[in-house]
Structures are given as C-alpha cells and as structure tokens.
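Here it is: the structure, laid out below.
Chains: A, B, C and D, in written order; residue numbering restarts at 1 for each.
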Amino acid sequence: MIESILNVFTLSMIFIVLGDIIVERSGIVNLAIDGMVTLAIAISYISILRFGFIQALVVTLVVAVTIALIVSFFINILHASHILTGLSMNIALYGVSVTIGIALGGGKAIRQTTLPSIYVVVYTVVITFMVWYLLYRTKVGAIIRACGFNPRAAETLGVRVWRVRTMALSIGYTLIAIGSYIYTTMYRGAWLPYSGMGSGFLALALAMASSWHPLLASIITILFVYFYTSMYILQLAYGVSAAVINMLPFIVSIAIVILIQITPIKKKLAIPRALGEIYFKEERAV
Amino acid sequence: MKSQYIMLLVGLLVGFIIGYITIPYYIVPVTPAITVTTTITTTVTTSPTPYIPSEKVRAAWIYVGPVEDFGWTYMHDVGRRVVANLFKDWLDTTYIESISKEKTAAAIDQLIKLGYTVIFTTSFDHMDPTYDKALENPNIMFFHCSGYKRAPNMATYFADLYQVYYLNGLMAGALTKTGRIGYIAAITIPEVIRHINAFAIGAMETGRLLNKNITVYVIEIGEWYNPDKARAAAQTLIDMGVDVIAFTEDSTATVEFAETMFRQGKEVYVFSHYSPMYEYGPNTVVSGQLVRWEVIYTDILTKVKAGIYTPSNLGNVDYWYLLNTGAVDLGAHVYPNGTVMHINPKFEDILKTITVKDTITGETVTVYDLVMRRYQLMKEAPLLQPLQNTALTHVYESMIKVAIGTKHIEAQIIAAIFDPFTGPLTGYCIADYGSRFCSGKAVGALISVAEGERLTHDDLWKMDWFVKGVVYRGKM
Amino acid sequence: MSNVIRVVEISKRFGDIIALDNISLNISSGEIVAVLGENGSGKSTLAKILYGLYTPDRGYIEVNGKQQVFLSPADAKKYGIVMVSQRPQLIDELTVLENISLFLNKPLNKIYNDINIFLQEFNIRINIASPIHTLSYTERQYIEMAKALLARPRLLIVDEATTYLPQSMKIKFFEMMKRIVATNGSIIFITHKIPEALEFSTRIIVLRRGRIVGEFDSNNISLDELRRVMFGETAIIQTTKQAQDIPIIKDAILKINNVLVEDEYGKKAVENVSLDVKQGEIVGVVGIAGNGQRELCETIIGLRKVKKGQILFEGRDITHIPPNKRIAIGLYYIPEDPFRDGVFLNLTVAENIKIFSQRKIERKAFQDIISKLNIIPANPGVKVHKLSGGNVQKVVLSRIFINIPKVIVAYNPTRMLDEYSSRLVASTLTKFASLGGSVLLFSEDLDEALAMGNRIAVMSRGKVIGIYNYTAINRSELEKVMVAYA
Amino acid sequence: MLKISIIKRELPLHIIIPLRITIAVIGLLISIVTASLIFNQDPGTTITFLVNSFLDLNIFRYISVFLPTALGLSIAYSAGLWNLGAEGQIVVGAMGATFIALFTPLGTIEYVGVIASLLFAFAMGAIWAIAAIVLKVYFGINEALTTLMMNYIAYYLVDYLVYGPWRGRGVYGYPETDMIPIQCRLQRVAGYSFSLYPLFTSLLLTILVFLFLYRTRIGISIRALSSSFRAVELSGISSTKLAILAFMLSGALAGFAGGTEVLVYHRKLVPGAKIGAGMGYTSIMVAWLSSLNPVAVPLSAYYVSSLYIFSLAIQIGSINVGDAIARAVIGTIFLLTIVSEFIARYRIILRFRG
C-alpha cells in the first residue's frame, strides 16, 4: 500500500524539489535545475560503474557543488539574468551529461540497491523536516529567506547576499544531487542518454506549487508523483485515454494550488518576492 | 538611437532579399503522372538525361534520437556501421542524431550542401520534411523508414516484427502462471496494434493448449520514449497480477523494472524490444525482438551503387521486411561471435519441460520446439523475398501458394506457409483507421476474419482492431 | 582627540550623474557631525559609502589610520559602523526579532530580552514576534533605530531617519545618541532640516551637488547663513495659508460615512470614521503613527476594502470601485512612500508622467513640469531609479499638473523632502486648494498640518476623536488629545 | 589583500550595441577555437561552419517562430509577469490554426482561410495565456507555475486530438491529422521551409510592439507593472486589465507562431511535443538575450537560430561530433554571451588594501 503512494521515485523527487526550494528561497530562479538533474544522474551512473556506491555519492555531490558555484558565479558575480543563465546552463549540462555518460559508461546496467519502503517513508519525513527546520528555525534559514524577500534590505542588515546565495545554491544542489543519485541507484539502475531530462522542470513546478514551503512541497510532490505514475489503472478500468491520463497530474496540481490559495493557509506562505531579481548592490534605488 | 535600429532592420531586410534572390530555384521532378497520398498531384514529363551512378556513394542517416538510446536509433546506427565497414571502398557515411521533426528540413539541407546524395531518414517524424525535400532536390535519393509517402526519388522501408511478437507470445502463454499478460504500448498505431495482436494470438495459442485462460492487458502510455512512465505502467500491471510483460517503448525501463522485481523476489518475465536487452535483465528476459537494419541498408546501397535505384524510379520502392529476410529476428542477445541467443538459456530449459500439442501437425512437442518450428516456418519464404522491394508486391504477399496445375506439384509455395494473422480470428474495433474490417464501424464493434483467410499488407497497415482476449479500454 | 574615521578623496558616479566629487572628511570620536544638503546633493550616497553599500570609484576610507575598502555593510559593521537608513531597511516577511537577530548576528533567544528592555525604555509597544509588514511605517523606523542602537556602534550614521519621529521619541533618540558620543563613539547625522542640524550636532558639513561647500561649527553659524550655503541662490518659497481667506462653499465633495476597515489580520483598523472634505478646503488628519491613518487613507483611495459604511464622491457612491476608477474621476493620491506606490523606478521621468496623463502631452510640457518642480537632473529621459528620494516625490507630485484632480489625498507627502522641496509641496497643495481643489492631508507632522489645514481631524485608535476648525486650534491641547487616547 | 568590486558602466546606446556585438563575436570565436582544439578539429573549418551557419537561409525557419514568440514574451516580461508558457501557447496556436483550416469551410477559401486560421491561432494563444493570468489576478496563483504546467496540458490536449477525434483518414493510423487544404497553406520560399509572409508580419509586429511599449500610455503602463501593481492602479489604469492584456498579447504572439508552423511547416497537426519542440523554451532565452527590448529581438532571434543551424552543421562533415557535444558547445557559447554582456555593462575595480 505504502509503496504505491510513496516509492523511491517519489523520494528522489522530494529531494530534488526540496533542493530547489532552498535555492529559490534565496531569490534565485533555478532553471538550471533540469540540466543539473540530468548531469547528476549521468555522473552518479558512471561513478557507480567505476567506483562504489559511497564514492559515487561523493563524486556526484562534488560535481553538484561545482555546478552550484558556476551558477553562483554567473548570477552573483556577472549579474546575469537568472533565466538566461539557467537555460544556457541547461543546454550545456545536457550536452556534458550525455558526452560523459557515453564516454565513460555507455549503456551498461548497474548494480542496483533497493530501499525498503519503510526507509522511504522515514527518509521522506526526515528530509522534509530537516529542510523545514533549516529554513524556518535556524539563522541560516532566516538569512536565506531574507535574501529571497529583499536582498537590498538584507545587505543593509549586514548579510553578504552573494555569499548567502552561493551557500543556498550549494546546499540546494547537494540535495538535488542526492535526489538524482537515489533515482539512478535505487530506482532506474541504468542510464540512457538524457535520462532525467524534464524531471527538473517538474520539480521546479512542484516547488512553485507549494509556494516554496517544504512541508507543503512534500505533500504536493507525493500527490503529483502518485498521479504521475499510478493513473494507468484508470485506463485499464475505465478506458481513460492516455493523453488525458498524462494531463491529469498537471491539472490536479493546479487544482491543489487553487485550493491552497483560496484557503487561509495562503497567509502563512510568504513567497520570496525578489525571486529572479538581478540584485546589483550598487543599483541606486534608495 | 532610433536611426540605428532602423539601419539594422534595413540591413536585415536587404540581406534577406539578396539571399532570397540568389538561392537556386528547383523545378519539381519530372515523372509520369504520379498520385501520391497527399493532396498534391504532380503531372510532368520525363527528364531526358540518363542517370549515371557516382563512383563513390555518400550516404547520410538522420536519427530521431541519440545514437546511444539503446533502442530504435541505436539499431539503425548499428546498421549504418555494418554497411559503412562492408562497403568502405566506395561508401562514405555520416549521421545526425536527435533530429526532431522541426529540425529535419534544415538537417537535410546541411547534408545536401556537403554533398550527400543518399539520405536515410529514420523516423515517422521525418516523413513530411523528407517528402518536401525530395520534391525540391530531384537528384538526391531519399529512403524513409516507417512512413507511407513516396516520390520518384523517395522510397520507404520498414522491418516488421509482428511474426517475432507471435513467437514471443507463444512463450509468454506457456510461462504465465496467472494467465494475465501485460503489454505496455507506446501509442496504439497500427504497427503497435499488430505487435499486440500477434503477441496475444501466440499467447492464447499456447494458453489454450495448456488450459489457461489468457488475458492480455494493454496500457498505452502515449509516448514513444518515457522510461518513468513505462515503469509506472509496468508497476500498475504487476499490481493487477500480471506476470509476463511485453512492450513497445524505446527504453530499457521495463526490463530494468522486471529485474528489480526479481531481486525483490517477485518473478516477472519480460521480452526485450528492438535491441538486445538481455544484459539489463539476465534473470527476467525470456526472449525478444531484434531488428537488423543492415539487411535493408546493404540491399539498398548495393542497388544504388549498381545504378538499379535511380532518383527517378523509387516511387514504388517499399521494403516490408519480415522474418524471412533476416531483417528481424527472435532473440534478446547477440553473442560476441555474432550468433543470436534466441531464448535465454534459463528459460530454454523451462520451456523444454512444457509439452503441448502442435495444432498444425498434431504432434506433441515441447513449447521450445513449437516456437522453433514456427520460427522455421516463417523464416522460410522461398520466393517472395527478392520481390519485396517494390510496393506492388504487397498484393502478392498474402499469397502462400500459386497453383500451377502440374501433376506432381499441385501448388508452388511462394511465401511462408504459416502466418499468425490467419483466420479464424475474432476481435473488436478500437478506432477507425480505414481498414476493411472497422471502416465506418463504431468503437467496440465485433469483427471476424474467416477461417483460412490471411490478412494482407493493407490489412496489417491499417489494423485498427484488437483480437478477442486483449483488454484495452483506452478510448480515443 | 584621535580621528576615528577619515573619508579620503572619495568620488562616486552613477553613469552620467556625479553623486560625490572628491569628498574628504574627518570624523573624530565623540563628535556629532551633521551632513546637510538638499535632496540629491549626495548625502545619502556618502552615508552608503561609509556603510559599505556602495564602493567608491575613487578614494578610500581610513579607520584608525588603516586604509579600508568596504565591500559590504558586513565589512563596515566589523569596524563598528552602523547606519540607520532613511527608509527602514527591514525584511517585511521576517519578524522583528529575526530582523534584529540578522543584524546583530546573534541568536534569537539571546537578544529577546535586550530588545524588549530597549523598547520599553522608549515606551514603544510592539510585539517583536510579529512580522515587519504588520507594522506601520513609523513603527518600522523605531525598529530601524532600535537595531542600530542595540549594536552599540562606534560610528552611527543616521540618514534622515529622525525627521518625522514624534517629538518625544526624537528627544529620547537624541539622548541615546549622546550616550554613544559620551562613550567615545561618533555620529554622522544626515539631514535636510537645518534647525535639526543646528540643534543636535557639533559640526556641520554642507553638501551641494556632490561637493562639500562649507564646514561650520554648529555654535557659530546662523540658520540663514546655512540656508544660503545649502540652497545656493535658490529662493525659498514662503508658504502662505491662502485657503483660509476663501470662503469655503458648497457641499462636501468627499464624504466618508461611518467607515469600518479591517487590517490584514482581521482586526479593526478604522472604526466608524466619518469625515467630509469641502471644495477648496484642506483637511488635515493628524495622530500618532499607527492609529489607522494609513488604513483610512488606503481605504479612501481604494486599496483597501470597506467592511461597513460608505464613501461618497460628489454624491456618488464610490465605496466599491477600484482605485483606477477613483483616479479617473479626480480623486488623487500622494503616497507616503513614493517608491512603493508612487513611481516606477524602471521607467524614465517622462514615462512616469505620461502614465498619469489621459491626454497626449507635448515634449515641452515635460520640461515645464520638471523646471516647475525643480527635479534634478532636469532630463525627462532619465530613469527614475537614478533620482534621489526627494526628487522621486516630486515626480509623484507632477501628476497634479497634468490632469487637474478634484480631491487630493496626501499621506505624509513631505516625509522625504528637504525644506525647499517640502515647501514646494506645501505651496503646491495650498495653491491647489485656493483654486478650488480639496485636499485631505494625512500627516504625522503636526506643524505641517497646522500650517496648511483649514480643519484638523485627530485620529486615535482608528477613530476620529475630534475635528477642530483652524481658528479654534490650540497646538498643545491638540497634542494632549492625540496622546491621551493613543 | 585583493578586493574586487563591480561597478555598472553606463555607456550611450550607440556605443553599447556595437560593443556588445563585438564582445559577443569575440566570445563566440574564442569558444569555437577552444572547442575545436579540445575535440581535435581544425579551428578554421569550424569557423567556416559557423560563418556558413550565420548565412544559411534555413535560419529564417527558426526566426519565424522565435521572433513573434520572443516578442510576445518580452511584453510579458517587461510587465514583470513570468510567462514560461510560450511552448504551450505555440501548441494551442497550432491547434487553433488547424481547426479553422481543416474543420471549417473557411479553410478552403483562398486568403480568407489563411487569415482566419492565423487569427484563430492568435485567439487560442491568447485564451491559453489568459487562463493563467486570470488565475493569477483573481486567485493569486503564481503565473509561472500555471504557464509551465499548462505547457504539458497543451501537449496532451493536442495529443488527445490527434490520437482521437482529429486523427486523419489517410494517415494509416499515425497520430496526425490530414493535410490542411492547399488554399490554406502559406507558400514557402523555394527550396526552404519558411514563408516570407509570416516573417514580414513578424518584423512589422516588432515595430508595432516597440511603439506600443514605448510610445503609448497603455504600453508604458504595462512596463510599469513590473515596478508595482499598486502604483499602476493608483495612476488611473486598471492593473488587472493591464496584466491580462500583457499576457494576452504575449500568448497571442506565441499562438501566431504556432499557427504559422502549421500553415508553413507541418501543414497538419502533429502531437504537441513535435510542434513546440522546445522552441517555446528557447524563445524565453531569445527574449532575455535581447534584454527585453523589442527592437533587439530580431537580432537575438537571428543569433539563436544561427546557433541552432550550427549545432546541426558541426555534427556532420569533417567535424562530426555527436549531438551531445554540439549541445555542450552551444550551451557554452550562450554562457560566453552572458559573460560578454557582463563585460559590456559592468566594470571591475580591483583594489589592494594597504
């Protein structure tokens, strides 16, 4: 029963969504996430082929943090448009992931580990709680959120915005890398070119749907993935067309968002206002 | 500031107009009245210059996916590599991968510019742009895989797997314990419907012989390539008690999933599709379908080199290669020495222990033998193969024997004497693609194929019905 | 006395605007230096360079004889330099406590008591666990001040933050400043109010157009002298109360009947308020900050929903029509915070003016408005984000020259302006009234309201507790009323 | 200790445009040469390919999609509204055009058919965009989310149609409609798969959009939305109506691009993902590359289209790298373009603390 609602795929998506939330809470539009997921999946695949499970995780994390630093360089130092950076990074990362994957891996299946479903539940709860705690109960979280709300005011309060954003990117991309690692090792167990392409954008949408709130995000992700993967029973039972089934998770998540927005929960969800704003310290605005 | 923008615009316009004037204008090719399947009708006179095949043939492939997709594109590229090595004296090959529909025309232009004269486009997505380009470039030969549009310089080719699916169906029917068999379909187009029907016919044949009540559950995922969804569909099927899965989807996801299930102690059998996927699931892959495009490519390219195919005579060339040509095969693995592993040894032993009565001969044989006998029957089609590259032959393909009236040999066998799509068959319509069975009928209408009647090429190409026993409710 | 901080030959440009030109300044410990200048003279830029928000193009800052470059306020804070900004720079979505904790870089629980003690000392009643956006502007300024003082700075930069504090609060704040000075700290006090500068500083620096044009000892300089240095040859407009001479006629043009408004959290912010404004009349609404003025003001202009009661404009019920329709019928709004509600920073001055104009306006008209309001730089093609705070408010003001409104609702319209500019605003408004327009002026500055208003309404706890005629006003009595119910 | 600070450089437009182009070109050359050396290619050949790509007329086939779509997006982005849904709007635009061309009698009337199809494509794109913005304005739902999600919904909606009710009669069961009537097709330039009419229309639209955004009160107000909804409301214009208008125009232009795709390129409706083909997402990049200035959109559309062709060109011929490497190279070129933008717009000041 639990497996059908909360499986390893859900867990990996939750990691990716939560990682995205941390990044976007700092005010960065994280479009590079899709390339990042694709690359992280390729990297964890080839490093499992070549090293062991633990080493693979380490390699993946190192790569993720490197990418985070590159994104940070473009956004914080070069003051580039977040969208432009994200989309360009995506193109490059798709290319790099496939190049590396083919050169070093090349279509072989890998040893796969399985995660008992009770652990899936435990991990889900733990990571959700941890991210929530980090964002809402620690000073680091307050700083990250401050940069997302109003970087200029945060700077005046003595926060070094670019450092905080770099940190948020690193933490977020670490989680994204872990999610991708889970996807490769515990869910897919193999790799094909462009594996994972598109799930980054899904994660982005899910994070948005939750107004970047970790607890809500996990719930929405679980629901979304459930609808995403389990709706074929509708086809067998009631003859719903495949196109409609494929459409369903998206409609459901928009419906959930509408529900959230018309209920009082909305007031609790402060969204990062400065999301996507190119923050230039010297800008002469008051 | 404004003046610069205007200058810029003017510059762009001028450049554009110059380009527009200077590009060469192509005249639509010149052949006796040909009506193509589109609404365009070209009526022109024959070109006078005789065609001389070039010394070196430059051939290019356009792929829809990445070469390493380990499915459709991968197998096409294997074919390309074979011919590239085989004919390396006179053949020069290249390829462009990941070409979606909207990039096709530009890709073809690039290839023509670099002097490639034989262009293979390997996806249905490429059909329309290829056709347009064929009309615009009458001196280039185009070969398009899986489509239905042809032109004087554009031929079509396809290797069809339905016979192999039937053989796999036989094994599936023998192996299933629950009697529930799953099929993950990418999209219910006639090609996939044939696969499902042939598979179901096979499964029900052995099922009946072994007194099993076989049902084939079909899930359509709506996409050709989506590992996550294929996996989700597989999960749904297994939750329903299915223990054998076949699929038409371009990734290894289903095999990977079955292997995962096996490790978790649940036995699920799968049949690999298109490429040898045995390595992804050594414990669960029973057999599968293999395709060998090199068979077709060798044939085409030698004929191009020999001057048999010219840019003006391809209008009726349509390869429809079945098991007897070697372009498709039964198996899930190719050993390093090149031989095909038809059936996974693990399952070979199991299949050898199950015995059934062969409905054709009446003998009692093991399922393994049954599969191999049927395989041989379809593999042997003495006459038809050499004829098969012209679309006209589709008329003759459904003939098995030609009566010649001599005393000693009553009828001459010309094609495989066995075909899964031979009546009696009963089924129900799922759509109306214009076949003679379901044309004008409502969805769900029952149809039947008379005893002994063999379905023709057109019947297969427009197949819009499922045989009884297939559960598919995905209405359109 | 050793030099605590030296500013050495600092220059700063923003594109083609020279904000600071070769400024050198010494600040010794125990000194209060007032930096005086009109809007756009570069005072704020200087403050921001000292605080590390801007990095100077040329020049440097010396702390204890060591050359320093501050890349961020975090750097400046390391040397004990702290700034109280002109507009409170707080994160709206975080709580008061979190904001201060970020600023002080200390954990929440450690500073909880400190803050409460501090606020008690100032007699400020704010729940520090509530988010900033629930506070009024003035309350935010308290927090802005509080956080700076809690940091026990060596150099405190006060960037026009005190101008509109209530008198009592102001005095307390200056006491605190003196305490800092007594412990060898120093203060840079940036203001455009000459009397303030004279009163509280030991030394006065006058900036004009990015240059230091005078340095005076506060004890040896007269107000007029300073004014002359500060404004150059610009003549000072004398505000006159012309409105009182004109008989106020006819019925009320704007009528507010028993209006009840709730704040964001469903608390009653405005309760049973009735007010009317007649044609040609200026009605001042005064009260301690945070007593429902903001909500009432936003209600009148349509940004807030009315729970009960109605608003009539020329006899027409406008209770439920959106702000844009109210503007269209001639009910204009001059916001307190032009950056939020008044202008569009990413557009040029001309475009900002254009938006308000229902008709097509000539190129020349822009120049007219700009010169009439003395907007610096006088270029309609310049983007508004390059203007200083005062000039931005002038851009807002420009709208009443384009389409002549019937009623202007102004909410602390002179909060950010220097003397010259605020008089310009005041005279514009009075002139507008004298020509038959009506003004509803919400002001936290009692003097301003008294100087302009024909009638004064006092608000307290969301209610209007008294409406006084111009002739019958006694300032001290008014103050008493304001405080008594607050 | 070294301290680095970044200062904005404000140059007049007539210097900054050539400067940015020059730096972009230098960046392009550097990346091409480096990439060539990495993959053991002759840089000269690669540059020839690059130049040829920029001169290839096939780019107009992409420009005719990117230009209108990115124009529309630049309206929405100028208003500070996040329209990530160009892809979906293209797809429904194509759907709308097909509907008129194939299923109404209008499709068989010359000229009228084309215009009606394109107008309906406009309308469909606009409706698709309005759905998102209405949710934003009246329910406060993040429009980036809805537009992103509605891309997928548009895909599957078109899929549903071409697999189901709209599936053609003469297509052997393949998921596509029949060809649209010949009267409804726009004539292509001989030998290429683009048509001049939509291209000139787009250029005209570029000028119109520029005039609209920078010269009219409504247009200026739309740009003002990015600062503050409240302030716009307080300047006498309904901000909700403006937001809806901005989004509607944005969607309509994307829908137009989709419509021309059907009338010129596909000439039938095919599954959604094949119509959009990610071009809607690429258009987002085109819009931002032009810094949201409508007049610069044709230039950035040209740049991106040329790189599209380049990525095809380097896969074949003497270079012959895979699609993946081509992507990596193109991505890097885009990143270098960003760097060049930085160089043109900012100065770096190095200081040594004494």
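Descriptive notes on the structure:
Quick note on the criterion: contacts are C-beta pairs under 8 Å (C-beta built on N, C-alpha and C of every residue); 3 or more make two chains touch, one makes a residue touch a chain.
As the structure is a prediction and not an experimental result, all values here were calculated from the model.
In summary, the chains found to touch both subunit A and subunit D are B, C. The most distant chain from subunit B, with centres taken as the mean of CA atoms, is C. Chain geometry summary: the mean Cα position of subunit A and that of subunit C are 43 Å apart.
Averaged C-alpha coordinates give centres for subunit A and subunit B that are 38 Å from one another. As a whole-number value, the distance joining the C-alpha centres of subunit B and subunit C reads 75 Å. For this pair, subunit B with subunit D, the centres built from the Cα atoms lie 35 Å apart.
For subunit B, the set of residues touching two or more other chains reads 66, 187, 222, 475-476. Multi-chain contact residues of subunit A, defined as those touching 2 or more other chains: 98, 102, 193, 241-243, 246, 282-283. Touching two or more other chains at once are residues 14, 55, 345 of subunit C. By the definition given earlier, chain contacts exist for A-B, A-C, A-D, B-D, C-D. Those residues of subunit C that touch subunit D in the shared complex are 14-16, 55, 57, 60, 66-69, 71, 301-303, 322-325, 327-328, 333, 335, 340-347, 351-352, 354-358, 399. Residues of subunit A touching subunit C in their complex: 139, 142-143, 145-146, 149-150, 152-160, 270, 273, 281-286. The part of subunit B that touches subunit A in the complex is made up of residues 65-66, 68-70, 187, 217, 219-223, 227-229, 231-233, 235-236, 239-240, 251-253, 256, 259-260, 263-264, 279-281, 471, 473-476. Remark: subunit D residues 13-14, 17, 55-58, 60-61, 156, 159, 163-165, 167, 169-175, 179, 181-182, 189-193, 196, 199, 203, 207, 210, 261, 265-268, 270, 274-275, 277, 279, 295, 298-299, 302, 308-309, 312-313, 315-317, 320, 322-324 touch subunit B in the complex.
Subunit C meets subunit A in the complex at residues 14, 19, 45, 51, 53-55, 72-74, 77, 83, 85-87, 89-94, 98-99, 101-103, 105, 107-108, 131, 147, 339, 345, 385-386, 389.
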